[in-house]
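Here chain A shows up in two complexes: once beside chain B, once beside chain C.
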Partner chain A sequence: MSTPVTEIITVTEIIARCQALFDDLNFTYAREWKAAVPGRIVVGYMPFYVPRELIHAAGGLPLGVLGGGEQLEVIQGDAYYQSYICRIPRSTIELGVTNRLDFVDAMLFPSICDVIRNLSGMWKIMFPKVRSRYFDVPQNFSDGVGGTFYIHELTELREMLAEASGRAVTDAAIRASIALYNENRALVREVYAFRARQPWKAPSAEVYLLMRAGMVLAVEEHSRMLREYLDAAAAADRPRRDNSRVVVTGAFCEQPPLNLIKSIELSGCYIVDDDFMLVNRWEQSDVSLDGDPVANLAQAYLHNSANTSAKYEPDPAQKGLYLVAAVKRTRAEGVIFASPSFCDPALLERPMLQRVLAAHDIPFIAFKYAENSGQMQPIREQAGTFADSIKLWSTP
Partner chain B sequence: MTRTAGIDVGTGAVKTVIFETDGAATNWLIKRVDRVRQRDPYQLATETYHTALEELGMRHGDLDYVATTGEGESLSFHTGHFYSMTTHARGAIYLDPEARGALDVGALHGRAIRMDGRGKVLSYKMTSQCASGSGQFLENISRYLGIAQDEIGALSKQGTSPEKVSGICAVLAETDVINMVSRGISAANILRGIHSSMADRLAKLIKTIGSVDGVVLMTGGLAHDEGLVAAMQEAMRQEKVQWPVRNHPDSIYAGAIGAALWGAFRHEKLAREEALEQAA
Partner chain C sequence: MTPPAAVIKDTSMLKQKEMISGNYRKLETAVADGRKVAATFVPGNLNELIMCFDMLNNLPEINAIQNGLRKKTGAYIMEAEKRGHSEDVCTYVKADLGMIAKGNIGPDGQKLPDPDLLLLSYTGCFTFMKWFELLREHYKCETAMLHVPYQGDGRISKNMISYVVKQLREEVIPKLERVSGVKFDIDRLRENLARSARAEEDFVWVLESAKARPSPIDAYFGGVYYIGPIFTAFRGTEDATLYYRLLRAEIAERLAAGQGPVTPAGDMPAERYRLVVEGPPNWTSFRDFWKMFYEDGAVVVASTYTKVGGLYDQGFRHDPDHPLESLAEYCLGCYTNRNLPSRVDLIEQYMEEYQADGLLINSIKSCNSFSAGQLLVLREIERRTGKPGAFIESDLVDPRYFSPANIKNRLESYFQMIDQRRGGGKSVPARAA
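Entry: the complex of A and B
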């Protein structure tokens, strides 16, 4: 009698798939997804957050556009920006003008900084056939002011997506999408919690690639992948090192090169929390499925979303405490501020966050990068000596 | 009693030591240095480590902590990795208790380190990318001149009128040497000129790390080059730096010693914090 064969997917296979998606700057998966069923739309979005549920409910594929990374040579993109502007808008323009995004039906530019806001205007001029929208988010967190504003913003986006897809975006469809994204976010939280518990079993470069895959894949497929990874990583036999546990923060927009993440870990640090892709874990617990789904999305943004330098904090006493909480939650021993050069939201906030950490006796270091940074030796030296100082001189 | 190994994977050589420590008492059980010579440094480090264990009649499991330094972070069997600044500082103090500065001159880099009496790094500076101040450069030049490496120091000290060599760029320095050979300059004066040029750079590097309250111990492979040590002492006089510079017969092991001793320190710290499983 034959026994049923269960296909066991290894960590290596999962990460190889993620790496292929990461390397593919022609977005073949998204192109094929769109071509598979007539009427499907693909909606691109930039960091740090958009309500992907609305895109999904419109029958669309949300496609995270996180710049060109280290592989893309920026030639034309540089002509549009001064030298003191970060690299992500240049490489995004390069992706656009080289037709790598020619299948994208709409582009969303979240309210993160002036550079991205200006990019939304440029996109409208450069690609007039693409529906481009500067997606504004509330800076006032009272329901009556920020909530009303945000529901209006979400409603406008819902209408735009309905026009783009040629189908109504119903409440029932939004609820179904919220349920799928709730499940996805719960799995993302589980991966982060698993890594914080056993960082030697979930190297940060793997977790990064896994989360990057969520920028491209359909949510259902990404959730399946996360489940498979959790099983495979738990089963993998990997050596445990005497590394320092660190939180990496400030990298929520332009992404660091993959080698930078590997270098931090190689230098003796376990990354136990990060803010590389906040959109995957923006809502910190499930969005309600009862009642008005748009109002529920607005409620989640106002009262149940992640904190970052790109999100306004009205109470000065609360400034930076989320970072202290992340250190405590993950039992981290220090914080690495890794931010893109010229990133106003990250770099202007950094001294304030560092003051809060110093007040709580949490050690930290800081450095800058660009998405195409190639020289990792200084990063390794800095992160390595930081890890040494924690291991040898910190008190528990 | 804590048993630890320190493995320093350098560009030119792999250094391995094993220590027993009991509180402040240390017992250095074994030391090995193996030149890389175009072999895979990780394979060499693995073989050297196991040979050292075998010679002591030990197994990997008998050690409490295997610490790597240099380029050793990718070795699969290490417990923890420490950076070169951290390990050379500790190794220098072990070799010379008066040391409060370390000058690590290896095949690729030069590093000046200032530390306190516990071996805690207070400041450090590295040479820039260019290889003209490195052991690799010196090795290349000695090969061009047909001189064995262990003859370099003695020959350099025989030089009476050293020729100036570019201290900025290895390519320019090599061009300088070619010109000197064609002009009939003696090998002794060429080597002394190279040593002086390297020492000038390193003395300036030491000046940038702040006031050293003690001796600067030269560590790394080039610490055994008596010609460079003499040139360093001369350069320090010329730069009016008062801290004495000297070497030690075991200077090449400083990184590995520091790694092993920090491994023991870390093992005991984790035991005190009841977090020993972290270094399993």
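Entry: the complex of A and C
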């Protein structure tokens, strides 16, 4: 067994690397990855989900573009949006017009809301030389209806990627990529399960940075990093605090500032589950490696994927129960609704989810943020009061 | 003090008014009459199909608009916000939820029936999906989801058509049959679609009459009346066919006489500015908003809002020979379901074909489907046409977001800018008030 001191240094090193990737808005890692081997492509994607396996199978690096965060000063991007529109599209435009994404061969805009949807068209106008695609997913979950539609969508994406990379995207390559992403998702789930068991050993800001690294790194490298982190964090000796255990929800697109995540924890809450980067664990268990790999990706989307407000819930009796399940699975004591300002999906969904939680006697609070929010004191006070109220008033 | 002048109404306006109040009367007595009710949206509205099941069509968007025109929505929105709905989200949704919370009294003062079916046509607007999930939670009735894919690449693919048709066959029609107890008859649908196509011909003729100088219509403020029947509970009815025939005859007369549009203050005397307008209007101050235009001689010759429930002027007609495919194509082709480059192309086409002096964008706080990207639209149109653009902001039915002085100020500056451009960049003396 290693000494705690060595393990803490290792955790520190891993997280320092993640922090450097997080801070680097020039995406040096991705640039170098592309330059290392001729013919490689980089495909950017916005939250919340794209089938990264297809990009990987085309010899590409999927690059999560999650806005500019708190570090980026948005100057030109603001000229494209009214004040009542969220911040992620404006900082994404800022990344584009300041050439920070000039090495990206294609951009994918998933079906999440009208703002990101319209951004797909803006990208076509503003960056006509870059392949860009609005990536639609079915809201009908029958195999013969939504499934057939989705297989066509995946096939069109496969063709676009083959064209971009100049090489065929074979079934064998897709299967190999699915296997790598299955492994990665299993490790991500393990990290989340580890944190839920021992949140004091895996602070949320660390887990966040670790998951953010998965938006940039090649999947093989990210899986290696997750393994190293699990080993290092398990061995680390960290004090256990008398914090309340909370689930954070509503932050699946525009990301909260890192300080906000730290503030929640500092105020007395252990985050034991979240929806920050759903793409990392969108499929809830392994995607099948047998048979048609594209059909398998479609099957996984229809029947085995995460729930979020951008997805229709056909069965009213099931509405919001995924959140209740997350609370039970992680033994959480409350839910924090943290949503970006002007986020239609999260804010329209919120009252429905809150009613479901109330029906299950699960306490909750809500606040809004922007990716560049600077004032954390109100968040700290609100989350701190919530943590105290859980400790004081909740039934043990 | 002089009393305000009576609003002049054409025969077609009176006809439409009777149609709308007739539909509200039917909704009010639906339970007593044993009629089933479907609630649905304007874009992707499947009225011809709903009629096949003898169901009534109740449109929450239209209720919000009608309540907005009657200045009732401010209180409804505050009620919804009091109940936990965010100040950031769509005010149509909050006006509807607030109305329900306060007893579901419709715009004409009578209680609206609970819907038997929520026909969720998810076309061109993400919010629709959440809106009907919220309504489903309240009404606990059956919901039929029709997911209409977005034209991300600016085209309708066979896969999209096939997906929508399959949903109609396997999801929507079976639910309509089950809820209504009426068996689906495709020939009945064909008859309804044939009537729709006839009305669409006359409707397009009316819209295109604005190419004349002076334009006999205002294609935005007047246009919202013209779209009324075809975008709502009447497409496919004999009433709608008659309405558009009547409207066309009226406009043909105005055209022959060289008259401008009818406004609430009567005939518009002189056409000074021809504008294309992008975005929905504000409803809570609709008359005041319109007045800011006609008082200065500004006529809207084409608008995108009047295409939100179907782009008939680009050649689409409901086709009785391919009924379900035609409904699919209709849903896929609605304005906000088109990608931004297609929207820019369309506006550019309007600018040229309608000889517009400029593009005005009324950016709506509530409506990201329209609003996100509009500043780029403005730049693109200015770049492509060399004509000046202007940008104002308001909201659909939230009176807190309509600032008359600010909007009037901007419009006046804009009209001066157009004058300046006409004068080759030299300043033009201010017009007499």
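By our rule, the second predicted complex is superposed on the first by the 387 of 396 C-alpha atoms of A that agree within 3 Å, B and C clash if a C-alpha of one lies under 4 Å from a C-alpha of the other, contacts with A are read in each partner's own complex, and residues count from 1 in each chain.
Simple rule for what comes next: contacts are C-beta pairs under 8 Å (C-beta built on N, C-alpha and C of every residue); 3 or more make two chains touch, one makes a residue touch a chain.
These numbers were taken from a predicted model, which means no experiment stands behind them.
Contact with chain C, but none with chain B, is seen for A:D114 once the two complexes are overlaid on the shared chain. Contacts of A:K34 after superposition: neither chain B nor chain C is touched. Using the contact criterion defined above for the overlaid structures, shared-chain residue A:Y312 touches chain C, although it does not reach chain B.
By the touch criterion defined above, A:Q139 reaches chain C but does not reach chain B.
Once the two complexes are laid over each other on the shared chain, residue contacts for A:R195 go to neither chain B nor chain C. In the superposed model, more residues of chain A are touched by C than by the other of chain B and chain C.
Within the superposed three-chain model, A:R241 lies in touch with chain B and out of touch with chain C [touch as defined at top]. Touched by chain B in one complex and by chain C in the other is not one residue of chain A.
Residue ranges on chain B touching chain A, taken from their complex, read 65, 73-74, 76-83, 85-86, 120-121, 124, 126, 262, 265-266, 269-270, 273, 275, 278-280.
In the complex of the two chains, the chain A residues touching chain C come out as 79-82, 84-85, 89, 109, 111-115, 117-122, 124-126, 133-136, 138-140, 142, 144-146, 148-149, 152-153, 156, 309-310, 312-314, 316, 319, 341-345, 347-352, 354-355, 368.
Contact residues on chain C toward chain A in their complex (touch as defined above): 83-86, 88-90, 93, 122, 125-127, 129-131, 133-134, 136-137, 140, 143, 145, 147, 149-150, 152-153, 157, 159-160, 162-163, 166-167, 170-171, 339-344, 363, 365, 368-369, 371-376, 380, 393. By the touch criterion stated above, chain A contacts chain B in their complex at residues 239-243, 266-268, 381, 384-385, 387-389, 391-393, 396.
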